[in-house]
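Below are two complexes that have chain A in common, paired first with chain B and then with chain C.
Entry: the complex of A and B
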């Protein structure tokens, strides 16, 4: 590459700051989303861990496994997740414009979450470059899943996406903290 | 997709299978190794129903491993568990539900009817849309700003809620020609409004109506026919200045400029002025100010701050026979009357500049002038009575007024002198 080399420490620090900033708003996004879907979603303390999306990678992992990942794998998994999240957040926003047409606050928050996820993707790509690691290929994570879902399925889907967005942001903060410690400024 | 991307449990099926089961697997408990989760389907999906109607629904379970039963399943609607007597086990794997006399949907995204497993987890759901078809929208009113655009407002059909999301579409067309057009900029002045920014013809009637649509049907308002020129409004007059009239403690002079956007057409503009005392909410209105750009307010309280506003009506623009629509009021302009001992009753009309011999304000003004004269000129014996005598003489001898300017009954010329009491 012809550009001047960026220090890994700088790119990691930036990504870490962004992830921390995102973390502050993830639970608000989930709560706002649930409010608009009606009961039982909007009930206080609603939680349905049985609802999952196979097109979104799970954020939780066994601690030992997670700790033992090398830098490339660690970042690659996070990138894959946030790429999937940007695509799913767009899908959820489209679903909600249909299900809840008069809800500019929710739609704005979904849009913002998606933009931030894209930003984080960019920052992680910068880290990969700075560390001399190969970039994982971009993929269409949604495939056939999206179309034709019923209203209830779409409500559930949005819940899983906003929930997992929170989980992956928490994980990104931990991933980047590890990297930050490894590549101090 | 590369297996490394996922966590421990990989989803195997990748060929495009029938859509519905795939969606269910994706959304509802995609089997992860060892969990043996059941999946289910509710029928009907997303039904739309009239308020008061009944619904028969079923929840069919497909177990993994197969053989899952409908035992232990239960229904909730909007988070509340439904009484067991409404449910019935149809066969080993199907639970039925009979709902009657449904109420209108609680939220626009639909009521959540959910089929739960024994442990409370969500197996499947269906959104119910219960409501009423829309009523005819009414009370369409429109106005054009400076003949350039058209904004319309309407009221949804009266009797309260439809419980379903209702979409409104404002349509318009030239009365005698052309296709229907749809307005595109909504909610410009409230929830039921739309703005047509351009491409409007003058001197020819338009037909305008509103269509309301929801899942249960649609309704159309009556057609409103209008010519843009009959509903013109304009900006409030700019540059409103309020100032004192010399030392007069009960008058203020208001000046403004004709709204520039229509300045070439405003031959018959009408204006209205309103004013109030600083800490009052009661406005006094001066009506029927035609074709002027100034007005003198009289009968005001001395030493008081007044707020003044002006608005404009482009009456009879381009020969339209109708009154236009009043503009917004201009920003309030404030001014204060000078302090003095005297005060007077309220006004209601503009005071003429010239000073005809009318009662009230002019007499007061004259009194002040005479008072000043007494102090500052050698006219110690001036009085109001002298003035009244002069007026009476003026009226009697109006025929000879032009010849005998300044001659008083006593025959002297010039200003009044000498004893007059």
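Entry: the complex of A and C
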């Protein structure tokens, strides 16, 4: 598709606004998710940072490393993460519609989060185009999904996905803020 | 192996011997099923005779962790064929992942074809089953995963921790559970009687930690299903012999989330036909009747979920389970005032089917029930109905031969026809006698629904003169009127009243009005009512009576009410909800003669409940004297009160502590004390309060009382008794004032006379006749009066030499008019007798006058006019007169002569013609001594001189009186 050339500042600003908006809802998504999973997830103050998914890159990074990345690298990492997140959010939504069919609120929030992650992906692609950066290839980040995962494993998986969605959104806000400062309107 | 080979060898070589040798299980393989947590064994039995079946018993031993720890031993009997692979499963309580299991097996022939004794074979070697190695790299595992169990069952869970340094705690729904360590890496937890918490499963998780640092969480979801219940109230019935409708109460739904278990399924199985049907609904199922011949059914309803199967059984005859369809076409035929025929239909089932039906008739708040047996068409004769009444009739039916169930009700409403009213209306009258005629008001009560038999359309009133033969008058009054007015002359009349509906007229109600008016005076008797009503009794009327009537008026509608009483009764209780407390009701009791003429017997009046008076009288204070006053309330009406007024209470407050005689001490509701006087006669509406003190302050309050209490609280009226002497004073003062006034009037009227008598006018010498006499003789030395002892003032008129007319004013007319050619001084000073020629002048300086003017000026010669008669100044001795004269003169001078040409110089009144004074003058020392010099002075009009001198005023004075001009 041949879209009219848009200035980087405008696309960055757009993406930044979306990321900020997403940031407001990520903690609510995580809380809603945990609330439906039973103990220990629903216990107050539940946190299990050691739980990770190999298919989902962690958002945490050393600040020095992160700061030293060039724009293309930084955007590529975020784009890869959100690509993985959109797929994982769909997986979690499928799991939950099986486990918690009577919880439309959670299912709706998961669906919304996935759509927003996709939206941010689109915005990031636009930025990369505007900056003339090479687009990373789209890939199936989920790879082989353990469909036979136990119910508890699926609950854990959902937790990691909703948690990392929040972390990656926070990181995207920082990424875009950095870009915004670099390409002022 | 060597042993086995040897045995095989023997078996092969010596078949006879082999028959006696045990057949040992070989090729034992054990696999695991993680979902079912079961061990699956498969083996074969070698050396079985070809094509021969043998019954064998296999004993299986299962050990856990180590071979010596046998956890299960059991036998498995089966028939074994040649070359058959045998299968057997064992479900482990402990998840297989948590421990290594060992299995071995031995067998024995248990077949009749084999002669006894049989020996157990040797044990197979231990087969080891371990799943742990295939678990993966994680450091903590919890098993079993996603296990489905029934509520109340016992479950063993376990964890495998790879790192023995980790401290592992496990929790069930947040509560820590205690386990049993199987080996340093494995701990098992026995959960007894697990509860159902939710259909999404129960979380059980373990947390590995070192110190306080969490190393990871692992968990499982245990799906606990509710116990499947047996279906309740299973029942089948048919409405048409085509379909059997079966229903039941399914009880709890055992469905679980995560698709772990769907809702239980229901299956209908009929054993006679062998047919089965999976039901799509959880609480009902339809079964098609295919064979007409099948009368008996044996149904089994099977409820099933993943864990359990429950069933209920029912055997029945189809004809005993007939639930008829509802009756239809309910109708009413031949409906008249009291009867109707009800018809209905039922759905035909089979030939010669008898139905049993039940009819319910609802109407007039009552219900009647009738039973009837019918075939296809139902019919029932409903009798003894009320006319003009709406009824509701409904019917339901059942199989008459085998009662199973009633149908639903099918019903319809109908209304019976009207009939003529069955009873005469209850009629009463009130008669107002006027000269020459009676005004009779007839009242009647509407007929009850029971007697009206329909809608009353009108009332017929037939008036018939009993004294003279004449035609009867008919008045037709449309309903719902309940009264009419008739004006009748002084004759006896019979009045018949009938109520009419669309069918006919009621029996007549007859009343006779006698020709004589009701002029009988009857004493009114007071009665006491109660909240329930009034109890009245009267003396029986002599002679025959057909009954008594008590009438009264309702309040506040003021509608005549009456009650009929039988002839043998002389008392009754009038009770109605309409009686209001505080309202006076007047009852009249009439006797009805056999001629139906009413005769007033007694009058009663009373209150159902007396109330305290609603208002207090307006009290007037009369005849106020120093020692008494009279209170009166003549216009207070005692009849219009909410109770019988029994008297009045007069409250009096005064400063005196003691109450007056006849008064008693009383305490008011506000706690203050006062004196109270009680008047027992309601018609005594005045009271003289005496023995009072003069000039004292009293307060009184009059309130009536009934049996219920006093009137409302109100303020006391204040009265102050007059002073004892004040009246006396008035008696004296008034005549005195009158006298003085009289005298004054007389004085006014006679003022002229008094003036003339007491202070006549002083005669004016200039008006006297003597003056003309003097003028005539021209004797200047003659004067009328010599005022030698007055100190006169002098006015000096300065005229220009050209001559100015100087008019001397001050008296009513000018005495002289002199034309002067030189400045002239009109010498007004009184002179001595010899002072006829120019004499010495005295010059005064008035320092209050303008200095500039006085500086500029100097005294001129003041020649005295030789013929000026100074004596005229006698009239001007009063300074006031002089000033007036001056003022007038000054004004005139301004008007008559140009300013500056004439100046009026004022000579102080202090000036006296004494020679000694001239030395004291501070100015003009060089003037001739014979003539006193005058400083120019301005004559200031009195009104200008009155305010204190200001610059402006002095300036204006200068302007007016230029000294230069003046000097010229």
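Following the convention adopted for this analysis, the second predicted complex is superposed on the first by the 180 of 185 C-alpha atoms of A that agree within 3 Å, B and C clash if a C-alpha of one lies under 4 Å from a C-alpha of the other, contacts with A are read in each partner's own complex, and residues count from 1 in each chain.
Here is the rule we go by: a contact is a pair of C-beta atoms (placed from the backbone, for glycine too) under 8 Å apart; a residue touches a chain by one contact, two chains touch by 3 or more.
These figures come from a predicted structure and were not determined experimentally.
When both complexes are superposed on chain A, chain B and chain C occupy overlapping space and clash.
By the document's definition of touching, both partners, chain B and chain C, reach A:156. In the superposed pair of complexes, A:43 makes contact with chain B and with chain C alike. In the overlay built on the shared chain, the residue A:57 is in contact with chain B alone; chain C does not reach it.
Of the two partner chains placed by superposition, A:20 touches none, neither chain B nor chain C. Within the superposed three-chain arrangement, the count of touched residues of chain A is higher for B, of the candidates chain B and chain C.
Residues 37-41, 43, 48, 50-51, 99-101, 150-152, 155-156 of chain A lie in contact with chain B in one complex and with chain C in the other. Listed in rising order, the residues of chain C touching chain A in the complex are 142, 145-146, 171, 173-174, 198, 200-203, 205, 207, 214-221, 223, 257-259.
Contact residues on chain B toward chain A in their complex (touch as defined above): 1, 4-9, 11, 16, 19-20, 22-30, 32, 37, 42, 45-46, 76, 78-80, 106-114, 121-122, 124-127, 165.
Note for the complex: chain A touches chain C at residues 37-41, 43, 48, 50-51, 98-101, 150-152, 155-156.
Listed in rising order, the residues of chain A touching chain B in the complex are 36-43, 48, 50-55, 57-58, 60-62, 73, 76-77, 80, 99-102, 139, 141, 144-145, 147-153, 155-157, 160.
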